[in-house]
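Two complexes come next, and they have one chain in common, chain A, joined by chain B in the first and chain C in the second.
And now, the complex of A and B:
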């Protein structure tokens, strides 16, 4: 069942208008019908009494002289009234004196006159009216009227009413479809603008302002909000760019002095290494390691800064080939760790091949690095989800505490002591940056039976 | 009044061998008719001294009602007029009456009666078949064992009486010329 709250505003307005129309019309029709019936009954009663009076007055002498034939003749005047089922004149003693039986309906006269006045029964309307002569009652006239005419009128009225309601609803539908536009159009336009902004993250869109009413104010407020967001977004982008630029420049310029430190430490070792005592040799090793690690970090940072720096390519990528390239790059690590790698055929994706290779390489490298005691086993698989491809890199390693999830993808974040596992804390940050630049999402889940599964989505390449 | 109508609707014997009770029933009905005639006849205004002056009914000749007339009119009024009944053998003695019932005993002197009362505003009612034709206003007759009446409108008009159309409708209308 469709809920009223879920209906589009246009349909809802139409529905409200039509519902109002129907209710008002129905109430009006019911009131009219009641009035009509009451009025018709009243006129029936009035007519019946007029006939009774007329015949009663004219039959005074006939009643007084007991001339039944004359009364019957007088009663026959009722033939002109089709609705009259019959009439009966009672004498002063209340005995039936003369009858008239109408053509159509059955006439069921009362054997004795009832109290003067009228009464409605299932068989029809009955009126009892006195016949007087010189202020003395000399008899009673009863007339029974068929209500078929009234019911016919009620049916006719109902039929006409239904027709009127249907025509009105049709008219109401057509009119409301047009007349509601000034109300619904700005709301629909606003909703469209909001949806487009949400879908495309395009803050340059503006909702068209139509009129100066509440919706106009709402539209203005919405547009004003978009202006603010657009400015903020631009500012954020600029400061991000500055930051990246700074990181890149810093990393780039730091490379040279670090390389010099490393080089001269090597030269120094070669020249005076033989003269070092045990302690000096240890100090020297610390310095040399530090310089190497610094160099590695700066290189990683530089790589991180370079992601997308030269623009992102968007082309169909053979994902299987990309996995092959990544494993090729990790050839030594795989061999050294004694790892087994399982691969399933993957759907093609759209993106920058170099970056995708690096993404896969980082994830497999992590899987090998954070191994448990058993030989590492890495499984790479993928599936189509909507228009995307979801790729999973599963390992049997040490696993990740779900509480660390938020830290995991941040730059320079490490979950372990420096000595425990090698690394710069940039790998997963790079992965996140690559996936997000491709419009995808990256996350991890615990692997069943220990270890971790890293998952990410990329757009699927259209079939060639 | 109930009695009047019950009597009126009863058929009456008209044969020669009509029994005593049949005869009394016939006159009970005729008494009621007399009262009803008064209801449907309008006298000229000068016929009554005041709106509640009595309406006088005279019985000329041998009274056949045997008290039925007095019983019928007792306590009755016609348009506020109380009713008085008087009896006489001389038509001139009843010249002040409004309605004179001419008994069957007077059949032989009808012309004399009419000469005496004809031009006055008196509703003359004869208890013989050709009374109206001979110049009276109204007479009883028996038709299909029922009591009916004949009216001579010309005679009524001559006396200044207005007879209600309803009454004329019920009556057999006759004209005086045929009788003379």
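And now, the complex of A and C:
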């Protein structure tokens, strides 16, 4: 069922115009019809009285002398009027004196004259009119008229009306289809522009300005908004790039002094470590662990800011091969942890193969790292959802508190104290960066039976 | 004097020069270290070498980012000298740009090493000079 609100504006305008036309036409037709019926009845009554008067006047003498034949002859003059069902003349005592029966319909005269005047019944009109001679009433004439003519007229009128309405609607449809265009076209153009902007996220698009009316104002405002958004997006992109550049350069250049500190601390330990007392050894360990951790963090920050630095490739990627490469890179960790890895065949995706391998590698590495007491078991599966592929990496590890969800993907975010699990807290941030650069989404859910499932979406590669 | 092979270390950071020298010393490979603190000085050191020393000189460990004359420029200069055209050069740098590595190898560097972040790793790394020192 199509709702009126869902109709395109062109159709709605046409519909409104046609509905208005129809209502106006119908009201006009109904009024005309009522007028027509009233007028017809009035003239019918007038005619019937004219005939009654005519016959009454001519039959004065015959009625006074009781000449029935003469009256019948006079009544026969009504033959000319097809609608007359019949007529009856009553004498002064109110007894039927003479009858005329028309050809068309059954004549059902009343046995006694009724009050003068006319009355309508369903079948017809009945007129009673006095016959007088020298101001003395000598009888009554009754004429019964069939209303078939009127009904016929009403039918004809209805037929013509329907034809008029149909022709008008057709004409209205054709005209409104053409005439509503100046109103609907700018709105449709505006809607098209808005849709394109939303779909492609291309803020360089502008809606065509047509006219200076309210829609023109709306179009101008829309375009102005796009100009603002475009400028903001460009600014945001520039500032993001600057920030990324800063992070990259900072990380890159910080490596050097940290390397100096780490290396010389190590060297110092070798040369003079034997002279340290217990406390100095401890202090020294703190310093060198700190330097080492700083080095690791800087290196992983550099890795993070390097994602997509050499451009993002967008080509079909054999996801199964990518999983294979990621597991190959991790084979030592898999072996060491005694993990089992189950793989289901995955649909091909579009993206940067190196980044996708790294994404999978980070997730599997986390699954191995955050293990429970049981040997780790990792399951990699995927399914098609719309035009996307949703890939799930499930583990039986220690699980994640849902409350930690929001900070989980942040840079340098660790949920455990230093030393409890190795790592710098950059793996999931990298995953998020990779997935988002691919226009996808990454999230996690608790695994049924313990552990965590990490899920992400990538675009599905078209079939070759 | 001695006939031990000469290794020329070119690096603007004295800390690095010391570190690399120490690491080479710790490998116990018989060699002698000569230092220069930028490309210009390295050119001068090479040009001032006696013919005997030139024959002993077997390897250059070259940093890239240096003031006055960069490692890249020094390498380009070196490959144009008849006497040093075939002198092995190992780039030892903290730059990890893949483009830089490709450029240096194209300029005639024999290897490209990323400076290891800790001393023990560096020590293991510099053992790799051995194969360049055999005459």
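Quick note on the criterion: the second predicted complex is superposed on the first by the 464 of 464 C-alpha atoms of A that agree within 3 Å, B and C clash if a C-alpha of one lies under 4 Å from a C-alpha of the other, contacts with A are read in each partner's own complex, and residues count from 1 in each chain.
One rule holds in what follows: contacts are C-beta pairs under 8 Å (C-beta built on N, C-alpha and C of every residue); 3 or more make two chains touch, one makes a residue touch a chain.
Quantities reported herein were computed from a predicted structural model and do not represent experimental measurements.
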Of the partners chain B and chain C, which touch A:136 in the superposed model: first, second, both, neither? first
Kindly classify A:267 by the partners it touches after superposition: chain B alone (first), chain C alone (second), both, or neither? second
Touch check for A:292: first (chain B), second (chain C), both, or neither? second
Looking at A:63 after the superposition, I want to know if it touches chain B, chain C, both of them or none. Which is it: first, second, both, neither? first
Return the chain, chain B or chain C, that is in touch with more residues of chain A. B
Under the stated touch criterion, which partner chain does A:256 make contact with: chain B (first), chain C (second), both, or neither? second
Under the definition above, what is the set of chain A residues touching chain C in their complex? 252, 255-256, 258-260, 262-264, 266-267, 270, 292, 295, 299, 302, 310
Using the touch rule from the top, collect the residues of chain A that touch chain B in their complex. 58-68, 70, 91-93, 97, 133-134, 136-139
Can you name the residues of chain B that touch chain A in the complex? 1-2, 4-6, 8-9, 33, 36, 39-40, 77-79, 164, 166-167, 169-170
Please give the residue numbers of chain C that touch chain A in the complex, ascending. 13, 15-16, 19, 22, 94-96, 98, 115-120, 122
